[in-house]
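Two complexes come next, and they have one chain in common, chain A, joined by chain B in the first and chain C in the second.
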Partner chain A sequence: MIEVLSAGALATVQDLGRTGSLNLGVGWSGAMDPLALAAGNILLRNDENAAGIEIPVFPFRVRFARSTVFAVTGADCAPRLDDRPILPWWAQCAEAGQVLSLAVPKKANWQASRAYLCIAGGIDVPLVLGSRSTQLRGAFGGHQGRPLHEGDVVPIPGPGRQARSGFGLIPPGLVLPFEADGVPAVRVLPAAEYECFTPASHDALWSTPWKITPQSNRYGYRLAGSELKPVRPLELRSHGIVPGVIQVPHGGQPIIQMRDAQPSGGYPKIGTVVEADLWRLGQAPIGSHVRFVRCSWDQALDALAETRRWVANARRLVELHCSHGGSDD
Partner chain B sequence: MTDAFDHVDQLCAWLARTDIGLLELKSPSQTLRLLHEGTAVAVQTVDGAEAIRQQPPALIVRASAPGAFLCRHPLRERATIATGEEFHAGDPLGFLQVGPLLLPVLAPLAGTVTDVLARHGTIVGYGAPLFALQPGIDKEP
Partner chain C sequence: MISERPRISLLGTTALLFDAPGETTLETQCRIWALANEMGRLPGVQEAVPGMNNLMITFVEPPRRLHEIQDRLVELWTSVEPLPVQGRCFDLSVTYGGEGGPHMADVVTHTGMSVDEIVAIHSAPIYTVYALGSHPGYCYLGGMDLRIATPRRQIPVLRIPCGAVSIGGDQTGVSASEGPSGWNTIGSTDVVFFDVARTPPALFRPGDRVRFKVERVVR
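Presenting the complex of A and B:
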């Protein structure tokens, strides 16, 4: 068990998501930065889809009720175990009774906003529709279908045989940077209504920075920037949408659908952030800027292959290190 | 301010009533050692130059794997440890990067870093010298 001593708003249990249920009206959920969650699970030699705790608001404190091995990935929030500073992105032992504290992420060489607490064996909540992710809109999955509160006791499995401590991973944000004119960028495919927007809107989409406004969360990011205008007013019936879709409502300020997006919508779609780059967006802090870089279908698949190669290589090296009697302190 | 060296008799008397085997006091000019052996307390003094010669020899920490030597964690701006800083046994002094994997360069014992022997970011081979350490006084035999 781990006991939540203090939680800011919206810390939730998440795995890689509840895919395959959009036809039931059930959105993906899942980690906003699936690469950070994957890295935590690799460090602990967990199943690829083991659940962790996504922490977007700090400070955050938990007490380990039993000894375990854990890792804090995602944003570097100066983790401390009791009073001792520990390393981020690092497999770390905790004794029963020790308290882990996470502080507001510092501005580092990698700008990130969400931390992931991964535990050996994964957070032990029941599978619902094949996933342990919290479905906030439907109030199911995760820990009782809701964000964690102070005093919650979250189940973790018994001491695993597999996890080793005392080594780390390099955050992929440092080795797979993607920028346009020095601004963090994501690749975008033009979407169904792209051609319905004015040439000036197309230029603005590809060549100006977009600010992530405070009206941004796991459901969607509302952006501020140049006004995007359709050539003539567009009225659409609601249709299926997926995370990554960039909608343009009447005001002309785009909304990017994120992991908790509802599965349908009726606004015109100017583009879609490719799946391979959703983790970058998931870490983008409120108030920061993002650029859109047009890409082709093949480039989108190449980008996905690149992140999958990183994950496969990290897992291979961790397994190699652990099977060769890596340190166990 | 009084000097501890002026109170050797009192210190010996206190030491005789404890389980402490060795009390060592250092000043710039000399080192005083009080050895508590069962019933009696033996007094040794060593002058400054001699005391320096008696320091345990520096220890070299070497790379346990080939990789890129990092003196700081990739997310951190400051070096994990600087020359002259103290550390505890088992503390990471730096890192070796092997692809996405980050391995710690661990302190074999408590002490002080006297020199960092590799530059941040350079590729080092197995066994390459990374840190020169002065073992902590409390670890002396």
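Presenting the complex of A and C:
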């Protein structure tokens, strides 16, 4: 068990998301930064899809009820185990009774806003419709279908796991940077209504920064920037959409659909942030800016292959280290 | 956005969207259901998700060459036999206007009709569940009278309650849980549309029919 001593708003249990229930109106959920969750699980020799805790608001503190191997990935929140500073992106061992504290993310070498607490064996909540992710809108999955509160006791598997501690990974934010004119960027494929927007809107989309407003969350990022205008007003039939879709409501300020987005919608779609870059967006802090970079289908697949290679390489390094009897710390 | 030929577009590298040609009709929807059954069986397709006269195909893994699946979609669209409607019929009691219908005034302004006229027109048809989507258990209903069609809101609202009966463009539906929405809420009902402990969890299936019974009108 781990006991939540203090949690800001919206710390949730997430795995890599729920598929197969779109026909019931059930969207994806899942980690906003799937690379960080997968990396944490790889460090612990878990399945990449094992559930962890996504933490977007700090400080956050938990007590381990028994000795546990764990890792904190995502944003660098200056983690401390009791009073001792520990490394993020590192397999760590906690003794029974020790307290892990995470602080507001440092303005570190990589820009990030969400931390992931991963546990050897994964957070042990039941699978609901094939996933352990919290479905906030439907109030199911994760820990009782809701964010974690102070005093919650979250189940974790018993001892006897194969995890070891004492090694780490370099965050992908450091080794896979992507920027346009010094601003963090994401690749975008034009979507169905792209051609319906004015040339000035196209210019603004590709060449100006977009601010992530405070009205941004796991459902979607509401952006502020130049007004995007269709040549004439568009009213569409409702249709399936996916995380990454950039909708433009009639007000002209775009909204990027995120992991808790509705799986269908009807606002015009000017583009879609490609799957390979959703982890970057998932870490973009409120108030920061993002640039959109137009890409081709092949470039989007190449970018996806690059993130897959990063994950496969991380897995290979960890297994290599552990099979050579890498020492515990 | 009505076209004469089917349109296929990208949703990033995650999915394709197929939009049927012509006006929104039940006959077209029956073909969409048939197309969804066929596409859902193809290797490489994770889910085939009907919308309103359209279909989203999500990939297990995005293919390098897109044209094969695009060609298949168009080919199947011209050859499938529409699936007949074999739904059940449900009556839903609705309180129109007032606190549970905060955007009724916007529909009045847009249509130039009175609250009573809007209620009479909205509660007259037997609607067909075209598709589930938006959030767990939500259904998109086809068959709304175009006289009360009202554009989606300029800016979506962050929270509408469970059971909200709303209009978005020429569509209508009932929200199954509290959450954000860009539609105009004109009334409320208290049916439980989704329960994960039930099998199946969603109350409605595509092809079911729904009638709105006027319980009360708050003017």
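We adopt the following convention: the second predicted complex is superposed on the first by the 328 of 329 C-alpha atoms of A that agree within 3 Å, B and C clash if a C-alpha of one lies under 4 Å from a C-alpha of the other, contacts with A are read in each partner's own complex, and residues count from 1 in each chain.
To be clear about the criterion, a contact is a pair of C-beta atoms (placed from the backbone, for glycine too) under 8 Å apart; a residue touches a chain by one contact, two chains touch by 3 or more.
Computed from a prediction, not measured in an experiment: that's the story for all the values here.
Novice: Would you sort A:Val26 into first (chain B), second (chain C), both or neither based on which partner it touches?
Specialist: second
Novice: After the superposition on A, what does A:Ala312 contact: first (chain B), second (chain C), both or neither?
Specialist: So A:Ala312 meets neither chain B nor chain C here.
Novice: Taking the superposition on A as described, I'd like to know which of chain B and chain C A:Ile241 touches: first, second, both or neither.
Specialist: So A:Ile241 only meets chain C here.
Novice: Residues of chain A touched by chain B versus by chain C: which partner has the larger set?
Specialist: More residues of chain A are touched by C.
Novice: With the two complexes superposed on chain A, say which partner A:Gly168 touches: chain B (first), chain C (second), both, or neither.
Specialist: Only chain B is touched by A:Gly168; chain C is not.
Novice: For A:Thr272, is the partner it touches chain B (first), chain C (second), both, or none of the two (neither)?
Specialist: Touch status of A:Thr272: second partner only.
Novice: Share the list of chain A residues that count as touching for chain B in one structure and for chain C in the other.
Specialist: Overlap of chain B and chain C footprints on chain A: empty.
Novice: Which part of chain A faces chain B closely enough to touch in the complex?
Specialist: Residues in contact with chain B: 76, 87-90, 108-110, 166-172, 174-175, 310, 313-314, 317-318, 321, 326-327, 329.
Novice: Which positions of chain B touch chain A when the two form their complex?
Specialist: Contacts found on chain B: 73-77, 90, 92, 95, 97-104, 106.
Novice: If you look only at chain A, which of its residues touch chain C in the complex?
Specialist: It is residues 19-20, 22-27, 128-129, 135, 137-140, 189-193, 196, 215, 219-220, 233-245, 249-251, 253, 255, 262-267, 269, 272-276, 297-298, 300-301, 304 of chain A that touch chain C.
Novice: Show which residues of chain C lie in contact with chain A when the two form their complex.
Specialist: 1, 7, 9-15, 17, 19, 24, 46-47, 49-56, 58, 62, 64, 66, 131-140, 151-156, 158, 168-171, 176-180, 182, 194, 196, 200-202
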